[in-house]
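Before we start, here is the structure in question, set down as structure tokens.
First chain written, first letter: the chains are A, B, C and D, and each begins at residue 1.
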Amino acid sequence: MSGTEARLARVRGRALPRSHNARTIAALAANPGCARRAIMDAAGVDKQRIAAYTGYPAPFGQSRFALARGTAFEAQVKASGAAGLLTLLREHLDLPIPEAHYDDLNDVGGNTDLTVRYAATRQKLATAVTSAADAGTMFDHPLLRLEVGGRHAFLEPDLIAFQLRGRFHVVEIKSFAVIDGQADGDKVAQAAIQSAVYVLALRQALAGHGVAPETVADETILVCPKDFSSQPAATSVDVRKQLTVLRRQLSRIARIDDLLGQLPPGLTLDLDPDGAGVPQRKPAGLAAAIRAIDARYAPECLNTCEMCFLCRDEARGTTARLGRAAREELGGVEDVPAVLRLARGEHRPEEEGDLAEAAALLRSAAALRAEILGEAV
Amino acid sequence: MGEPVVELERRIAALRTALRMAALAGEKEQARALRAELRAAERAWDDLLAEDEAGAGAERPAGTAESPAGTGEGARVTERPGALMPLREQVHEALSLLTVPAAPRLLAAVHEAFFASSFPTARVTSLKRDEERSFRLAPYARPYYICAALAADRLAPSRGLLAVSTWPAERRMIGSLSPRVDFLVSAIRVADAIGRLPAGSLPADRLLRRFAANIPGVPVHSATVDLRMVVQAAQAELEVHQAADSRVRRAAARRVRELDDVQQLFGARFGEERVSG
Amino acid sequence: MTSTAELAEDATRQILTSLGAAERGVVVDSPPGAGKSTLVVRAAAGLAESGEPVMVIAQTNEQVDDLTDRLASAHPDLAVGRLAAGGYLPAPRLAGHEKVTVATKAADLEQCAVVLGTAHKWATVSGDLRWPWAIVDEAYQMRSDLLLRVAERFDRALFVGDPGQLDPFSTVDTDRWAGLTWDPMQSAVAVLLRHNPDIAVRTLPVSWRLPASAAPAVSEAFYPFTGFTAATGAGDRRLELLARPLGRNGLDQAVDMAAGAGWALCELPARHTVRTDREAVLACAALAERFLQRGAMSYSEQAVAGVPVTASRIAVGTAHRDQAQAVRQVLAGSGLREVVVDTANRLQGREFDIMVMLHPLSGRRDATAFHLEAGRLCVLASRHRHACVVVARAGIPELLDAHPSTEPVYLNQPVRFPDGWEANQSFLAHLSQFTVRLP
Amino acid sequence: MSTLISLARAVAVERELAQPIRTVRHVHLADRPLVFIPLAMAGEANAPLAAMLGDDPASARLLTVAEPRDRDQRFAFAAELAGIVLGYIENSHAPQLIVPNPAGVTFTRLLGRSTRFRRTSGEWAVPAGVPLLGRWLTFFSERYEHPASSLMVAMTGALTEHWATGQSPVEDLSLGAVLGWVDPPSGMSGAQAAAAAEDPVVCPPAGPATDPTFDNEVLEPRMLAIRTAGLTGDGRAYDRARQAFDEALATQLTPVWAMMWRAVDLLRRVPEAGHVRQRWTDDLDAVAWHAGHIGEGGPPQARRDGAVAAARRLANMERIQEMVAVQRAFDDPLVMAEYRMTGAAFAGEVVHAEPDRVDGSGRRRVLRPRVTLVTSDDVSEQISASELTSPARPSQKARVVSLTAAGDQCRVTVELKGGMGRSLTPVPGSVPAVGERVCYAMVSDSYQNPPALPAPEDTPWTHGGPPPQYTPADDEAREDWS
């Protein structure tokens, strides 16, 4: 175990490591500047659990209705050897009729062990490239692997299609609707970056077999219900941008040591479970440990990160909590009391100083509000 | 509304908050306990309301109940005579109609379409286990068993596919082209069966549409699907795949004979096939 | 440099001949200073002489006057029409050309072989006037909906523009059209190509403006797929400073660095500031002033003996209007009103000897889409013939690294390249070799 | 956003109470607005689960769908909704739709999209009124994008346009939180009220998305109960299950209903801005036009704009947005303050005036009064170079003739033109008098004509040529909704 891994293990404590999945890797791009998130993810900490334990449960849960719809839609698209999907691929990418193979990689002869499935996937995909005929067309739930911050994350794309112009195409099946050719931009963005994760992983998996990266198309296929029906429709999504972002983020995680170096030695987020596995650690103590890791809170975290409520509470009284735009408009001044002191002229920084212009800006804003509302700000 | 009802509602609200925290914290045990409590409270609440209602004497004959959701599993189980038939026979009927391995969902749809009764797909998994058990106890005691289709490469049970023990082995082998071939064969069988129906039925039509939509060369936007066209189109594509597919299936069928009887019907588990091979 | 000149000439000639064969038209991508106007003038004259009347569509009156002047000077006996809005005062430089007619009604210019006007003016032309040919200048800055209003006036068209510059924008939310092939927000070229995919896209391969020191960096960061080279070689452009440094001072180091290498990055201490960062503003003004104080002389293929760099040949570029305003005030204070100070949007298409730019991300805590837009940076980095000095607070690389990439993605909407985030990274990586720290 | 608004946010944080950022109300409130709170089923494509609506705080109508995945039940819901909404539009001469938040607008738009192409006869027929409902819902949600319209209002938007909360725009999307900041219950600070509003059990989300825990713990078991009761055919059990289901949904909707009307009252208390009335009249014209269009058997709104329609809509929105921005600035000193912050306007007190000044330099003598004012705003170069207008006298143009700094204040003399009557002596009051506070801005609310565009059938080759004739297709009517 390398020094880094040891350090990360100490941070995580006795809890089992949470391994990355496409969603968590995609989330890295949401707030890459946040050391707290980077370290907790790299260490495989169960953020959901930790946040709740410290009294700040994450604001988002999953509705069983949504889950059900998701699984039902994927099942429908993949029913009878993915007949529905095959039709889409034929129409959408004029897949030739003989290309109708369907390989189920959900298990290997009943065995669902990840390493076994990973091996089987690589073998199947590799032969698909190398052998000429009968190469296989659709690979259901192949298992891929990506190295994230020194640890392997197993990834499971919905499906990979091959032999579309001799290239692999990642197929992402999502249950949000595409209505009149357009869908929720944020959901598509999510899907796009997740697909990019798969493209990257697939390229890595095949690199070992001397397969060129371009063999995996950076154009992925998004399959969603059409309009208000449950009929599937396919759209190509160009993930070149997402790939560049992702590569950069992953290389930054690799540099996790720099972040670890800044931590107080011996810092751990261990819950200190007793014999029965019941946590004994004082929530306050845990929270203090978390606060020892720098966070970069922005309101957008509320939609993406399990730690958001803790960080938001920590950010009380800062302009960051009001949003990126507001902080910018308040002259980049860090916290609210300081803003108000400057606005009221209680604090007059010397000319040309750091705060001089911010002060001037805030004073004139305050003056205008006072003049119009007839009461001092 | 009565005092106890209000009291109950307060309690329910409190329970929900607690449950929410537990659920989010991943405290599964606690969540389960709370959930049970909550259910109890809610049932009590319902009953209280019911009493009020009964007091008010609100009666309504069963018949006037709004039509329930069609999508629910086991929908209409009780409404049709076919439901009296045991599950394994329902499955057998459907499989015999299709003549190829199929997944529970499809079998249920087929049975609903042609034998006027459907069955909960969830129960099929247990059916397969029962069949294997009874075969192990007394091999070949029954005229037929609902058994597994086997993945051609490892001869392990192919996920979710059912077959009939009396079929020739090669029909139960699943190569990478077999799902498509079997889909096309099923389409043809379904079309034929509809042709034999005295009158069209909605479920049957829905089933046919589902096939037709995924076979190239069948116009589906018209109000009715042309049976002959479905058969012809399916035949046409079938010719493209059949040779390659049966080559793989036959080869697998040869290998499967090397397995013991149970494995031949219910598949080898991971690793086993090498032992016996 | 002959080779590059020939390269450029061949490209231009091919484009001109391709017009004859073109069924619908031709698109020409032109990197900064690659002779776009020259091409427009030659194409207009060529078509006119072949007996086909031409309408020329530019985006601003400034541009129209400029093209009219060039055309009339190059072809004095060509009947040229200047279509203008009421209340337009003919630019002085047009006065000399007696074959140039100015009119507010297109009908009054029917006898002209070439008629030039702004897109907005053309959009007001009514009736069934039609031209066999149109030449659309700065077509990447023209919005699809504006093209829609003038397109019925011509049968075939030559679209010329710089794909690396700023995209058209709108003040209203335009998501509802995302993914439509006729999305009114995209550029005239984009909409044209999406409906006429077989229209040929050609490129001018050589920049006459950018020096050998700038072309590769700008090409790599902002034109990753097409690419271009400088017409002039390393030795052909020189910037010499007659006066000695006024003291060992960061400003002078920056000026010397820029004179020598063609680039300089003036780095101020890292700090989050208001937009009109006083220190940065002063630095920009001081740099412009310092070049003049040091008696900068420019030597180029055009002035082998060298000419002094005057204030009007120096520009300061910013991202925001208030920043430009602040710099202007400082320079006015030192009596340097001739130095051109403006935002990227308004500097588009202009050319100077020396460019001083305030980096859009300088002092920002968060990078917004506006600050990251590749076009904005590209405009500022590609105006100069000799040298470009970038003023920025330290810490931009970290800012870029921490930038969340969470913009919504719309289906069937072509991905815009280069990506602003990538372009910024690449450009900054290049600049870092020329860093000078202030104060 | 702007520094002024962000500063208000900062103050709100300190005082734990939302701060006003407008002095007048820029959105119109109808006498009887229709409050509409839709809930959607999680995961489905805009499947209605329930809705609470009505134009009278005292009587809310609750509609529910026991099985949102069932096509017939969805259309039954749509039909019931049509009954209420269409009736409302008919009876109220000034219809206005108010939903809790922008997501509510999206839901309405999609509900309109999923119903307006349906047919009420032949195969795949739907109940009468459904397609008509679809066309009206589409109409309202398209007006929402219209910068000058108040026909459809998202309550969170209306509130945060007039008050700055002590939280971020992300959190401002929650009606409960915003209302908490603006109007906390007694004994609570705004901050506390907003925090409390984050517990979905205390304060259910304002929809259309429901609280996942509610879905899992409350709704799902009750749906199941209804289904089983239906299967067993036990009518009494079915009714009870159905009632329990409705009551569960009522617990989610009733609190939101109350909040919506509280918010309406809050907004009513703010005096209406000057230009609102006129914009509302335009709104009502649009309603009349749409009703007429339907009456004449015109087709439903297209799925998406064609090339020409898109260009026209964009041009209108840009034009009108500009116009409305100016109107707001003229109506509201706090909005004008934004212009003063950026040097696009200045305000000061008149210290000297020559109301009768006549300029004889030209061919004919013209009335050109001059007034001098002292301002502490900074008067930028570009402002002194351009034509100015004053909110007090919109028809009058002003130009800076001299500008002298005096300490941190400055004396500006402007020359006036127009809006003073025909003669050489100004109509009384038409020239600012000494002592009056006046404001001059680089904006004017002069009307611009909409651009000339080709007819759709003349769409040029650059934009794909003429589009195919629109004919409501079968599959639009058939398009399954399940």
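Convention: contacts are C-beta pairs under 8 Å (C-beta built on N, C-alpha and C of every residue); 3 or more make two chains touch, one makes a residue touch a chain.
The structure presented is a predicted model; accordingly, all values stated were derived computationally and were not measured.
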Centroid distance [mean C-alpha coordinates] between chain C and chain A, Å: 38
Chain B-chain D separation of Cα centroids, rounded to whole Å: 49
Euclidean distance of C-alpha centroids - chain A vs chain D, Å: 34
Chain B, residues touching no fewer than two other chains: 20, 23
Residues of chain A touching at least two other chains: 61, 181-182, 300, 327, 331, 361
Interface hub residues of chain D, defined as touching at least two other chains: 213, 216, 304, 482
Topology of the chain contact graph, where touching chains are joined (line, ring, star, complete, other): other
Pairs of chains satisfying the touch condition: A-B, A-C, A-D, B-D, C-D
Residue ranges of chain D in contact with chain B within the complex: 66-67, 69-70, 72-73, 123, 199-202, 213-214, 216-218, 221, 226-227, 229-236, 238-240, 242-244, 474-475, 482
Chain D contact footprint on chain A (complex, rising order): 59-70, 175-177, 179-182, 225, 227-231, 299-300, 302-303, 317, 319, 321-323, 325-327, 329-331, 336-337, 339-340, 343, 361-362, 364-369, 372-373, 377
Footprint of chain D on chain C - complex, ascending: 24, 123-124, 126, 144-145, 147-149, 151-152, 157, 170-174, 176-177, 180-185, 188, 191-192, 195-196, 322, 325, 328-329
Chain A-touching residues of chain B, taken from the complex the two chains share: 20-21, 23-27, 102-103, 105-106, 151, 153-159, 176-180, 182-183, 186, 213-214, 216, 237, 240-241, 244, 267-271, 273
Residues of chain A touching chain C in the complex: 29-33, 178, 181-186, 188-189, 192, 222, 235, 237-238, 240-242, 244-245, 248, 252, 296, 298, 300, 304, 324, 327-328, 331-332, 352, 354, 356-358, 361
